[in-house]
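Labels run A, B, C and D following the written order; every chain starts at residue 1.
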Amino acid sequence: MAEPQKPAQVKHKKNRLEAFSDGVFAIAITLLVLEIAVPAVEEIRSSGDALRGIGHEWPVYLAYFISFMTIGAVWIEHSALVDALDHIDGVFMRLNLVLLLFAAFLPFPTRMMSEWKGVTEAERVAVVFYGIVLLMMVLMLILLGRHAEREGLFGEDIADERKEEARVKYQLMPSLIAYVVAALVGFFVPQIGISIYLIIAIWLAIPLRDVRRLFGRSA
Amino acid sequence: MAEPQKPAQVKHKKNRLEAFSDGVFAIAITLLVLEIAVPAVEEIRSSGDALRGIGHEWPVYLAYFISFMTIGAVWIEHSALVDALDHIDGVFMRLNLVLLLFAAFLPFPTRMMSEWKGVTEAERVAVVFYGIVLLMMVLMLILLGRHAEREGLFGEDIADERKEEARVKYQLMPSLIAYVVAALVGFFVPQIGISIYLIIAIWLAIPLRDVRRLFGRSA
Amino acid sequence: MAEPQKPAQVKHKKNRLEAFSDGVFAIAITLLVLEIAVPAVEEIRSSGDALRGIGHEWPVYLAYFISFMTIGAVWIEHSALVDALDHIDGVFMRLNLVLLLFAAFLPFPTRMMSEWKGVTEAERVAVVFYGIVLLMMVLMLILLGRHAEREGLFGEDIADERKEEARVKYQLMPSLIAYVVAALVGFFVPQIGISIYLIIAIWLAIPLRDVRRLFGRSA
Amino acid sequence: MAEPQKPAQVKHKKNRLEAFSDGVFAIAITLLVLEIAVPAVEEIRSSGDALRGIGHEWPVYLAYFISFMTIGAVWIEHSALVDALDHIDGVFMRLNLVLLLFAAFLPFPTRMMSEWKGVTEAERVAVVFYGIVLLMMVLMLILLGRHAEREGLFGEDIADERKEEARVKYQLMPSLIAYVVAALVGFFVPQIGISIYLIIAIWLAIPLRDVRRLFGRSA
């Protein structure tokens, strides 16, 4: 509460940024479920098969799963990054707001992708649009890390953690390139684009830091 | 903030996992209400009885109540588990994310069960589907506890609490089996399946630890 | 973290109960806005008056305002109560869950009341139903306070605050009776019932503790 | 926990007000996305152009962006204000509740503005209505700051921060006047009104404190 004031910088405490970000991530990830429509009773009755009714919805479940895992992974990285910081500045808060803008927006392209599934031309556009939003989330995360490093927002005593943080970019950076590839390929063959999004989501969710430690590369 | 770093493990602080989980549980539990439709005015007018209009919706209220109590009970157990931990690791965060995936998904089978009520074949599928999601939540909770025990994430000074935690599994484990039974029975007689879900929700919500203490088995 | 364990009672920390409750209250209060429908463009076009279109929605705005203020007031009392506690027990967590059940459910009768407005018989039922949910929230709040007092959950050093808390019941208790009156009257004359709900919401929102101090009755 | 009690004032801790406010702001900002409708598949099919389908929705995206940035900026200011406080009183909690009332209400006029776009007379009303809600948010923020200053809620050790806070009003005050101008102009030329809302949102989001420091006017 009585933190020293450096003359050239306004320091902000992290707790409310964390609380607000956790809120937005948690809501965005939970709102996704509202996009999944229950097959109408009439539909079930005419086809006489409820299981097929559920099965027919698989692109919706897939889109739900990809969006959920991607937001989840971005939240984990966000949490690791902010955890390693000593304090934040006003620019960090604004960059963070832009990250949240894309996270909160994700339910829209998710819905679009599952609604336009099967409509050739529309599907292409949806897959690219969806990829751009995913890409923007990861991009903003990288920018937040860059800004924190440039402005010296990291804590002094967590130098190791900080380097660790830098190494994390090896996980984020390739996914950035993979998103561009997926969006480009997805414009021509939507199914492959979506498959790559799925792979990236799983890749981002791997606890790479723990895995590296397991194989003896401890800091 | 200046916590000691063990070489072979990345420690994470619990506070953001708690905040994010609380957020998802709170939102999932509150979104359930959106699934309850107000009977249309025309319907009320033609039947001339608003009370019957509300009463007719009882399966929806029941599904709402079961889902609310189950998420509530899972949240209470989750909160007791994480409370007893000293720190968490990356795997715990990912397992937790899968638990949240099912909690956030619950409004969907809840809606399905109340919309397909009365449509013989569809109802069966909905009751089984709903049971599987409930079962997965409890399963993930047990896996989280197992992982925490195996990796020594519990605090040293709360050894008693930890054993207490182990004992809690006596509450979770039977419900796991009960879910399997309920889903199987529910496929043939949906009403009985739903009744068992209701009983499990109430069973999970019993403050068993406090009850045990009351009867003199203090630690 | 290393709190002493009494033999006959399981103590729980308050922070996650606070976080979860804040989440549910915040979501319930914010979801209310989804119940307000924008008048259709065709409607506006035919009547040629958008202002009247908005004005025509006044019962919806009123229901929104009453629900918002009531949840807000309940949150303030909840926050004051839990703030005065030293710790909580398992029963408190379950009672709290029931309070949250009604708070999370409130958007439903709110929608019902604004949709059934003007349909004589249905309106009566909606007004009574709405009042019962409001009453249950306040009742659960009183039960929580009672339980805390009986089980000695209040902090030792905040004896004054605790008495203060008891005095708060003078604010909650009359509103309980007023809800019963409002629901009864509302069954015959809905408009008066709703007016009383509005008055109770405003009454509950008065910072009575501060007002009492102003007039010199300091503790 | 054992904070000293002044006789003439009830002190409240800030943490739950922060948590509740963060929750409401986070939910309001995330619910906005539900207002954006995905263009129907039939529409896309008939026009044969999905990109145009998305592009046609630009007023919706613009309204989403303005609302998101305005709530975001209000949250940042709210967070800076409460951060500088030592404690809060009952009146502060109620004023804060009114601020949250308008923040939680914002998704409604946002939806109205994007749905009534292009319908001459209705559009005018929507633009003015939307502006009034934005204005009320900023007004409540200023009132909160005023109340805190008058009642001496600021911490003693953060006198500089406090003055800083006062200076912030130079950012809020002009936006208040700009909202009145925008609403008035917007009644006659909606497009210009909306453009001014956009400019205010960007203006509010500028990290003015950091910018001032950059140019050497450190405290």
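One rule holds in what follows: contacts are C-beta pairs under 8 Å (C-beta built on N, C-alpha and C of every residue); 3 or more make two chains touch, one makes a residue touch a chain.
Worth saying up front: this structure is predicted, and the values here are computed from it rather than measured.
Counting hops only between chains that touch, chain B reaches chain C in a minimum of 1.
Both copies, chain A and chain D, contribute mostly unmatched positions to the interface they share, with under half of the numbers common to the two. Each chain gets a centre from the mean of its Cα atoms; for chain C and chain D, those two points are 25 Å apart.
Centroids built from CA atoms put chain D at 35 Å from chain B.
In chain C, the residues that reach two or more other chains under the touch definition are 19, 23, 26-27, 31, 34. Touching chain A in their complex are the following residues of chain D: 18-19, 22-23, 25-27, 29-34, 36, 38, 41, 44-45, 48-51, 53-54, 64-65, 68-69, 72, 75-76, 79-80, 82-83, 155, 157-158, 160-161, 164, 205, 207, 209-210, 213-214, 218-219. Remark: chain D residues 1-2, 5, 7-10, 12-13, 15-17, 19-20, 23-24, 26-28, 31, 34, 89-91, 93-94, 97, 100-101, 104-105, 107-108, 111-112, 115-116, 119, 121-122, 124-126, 129 touch chain C in the complex.
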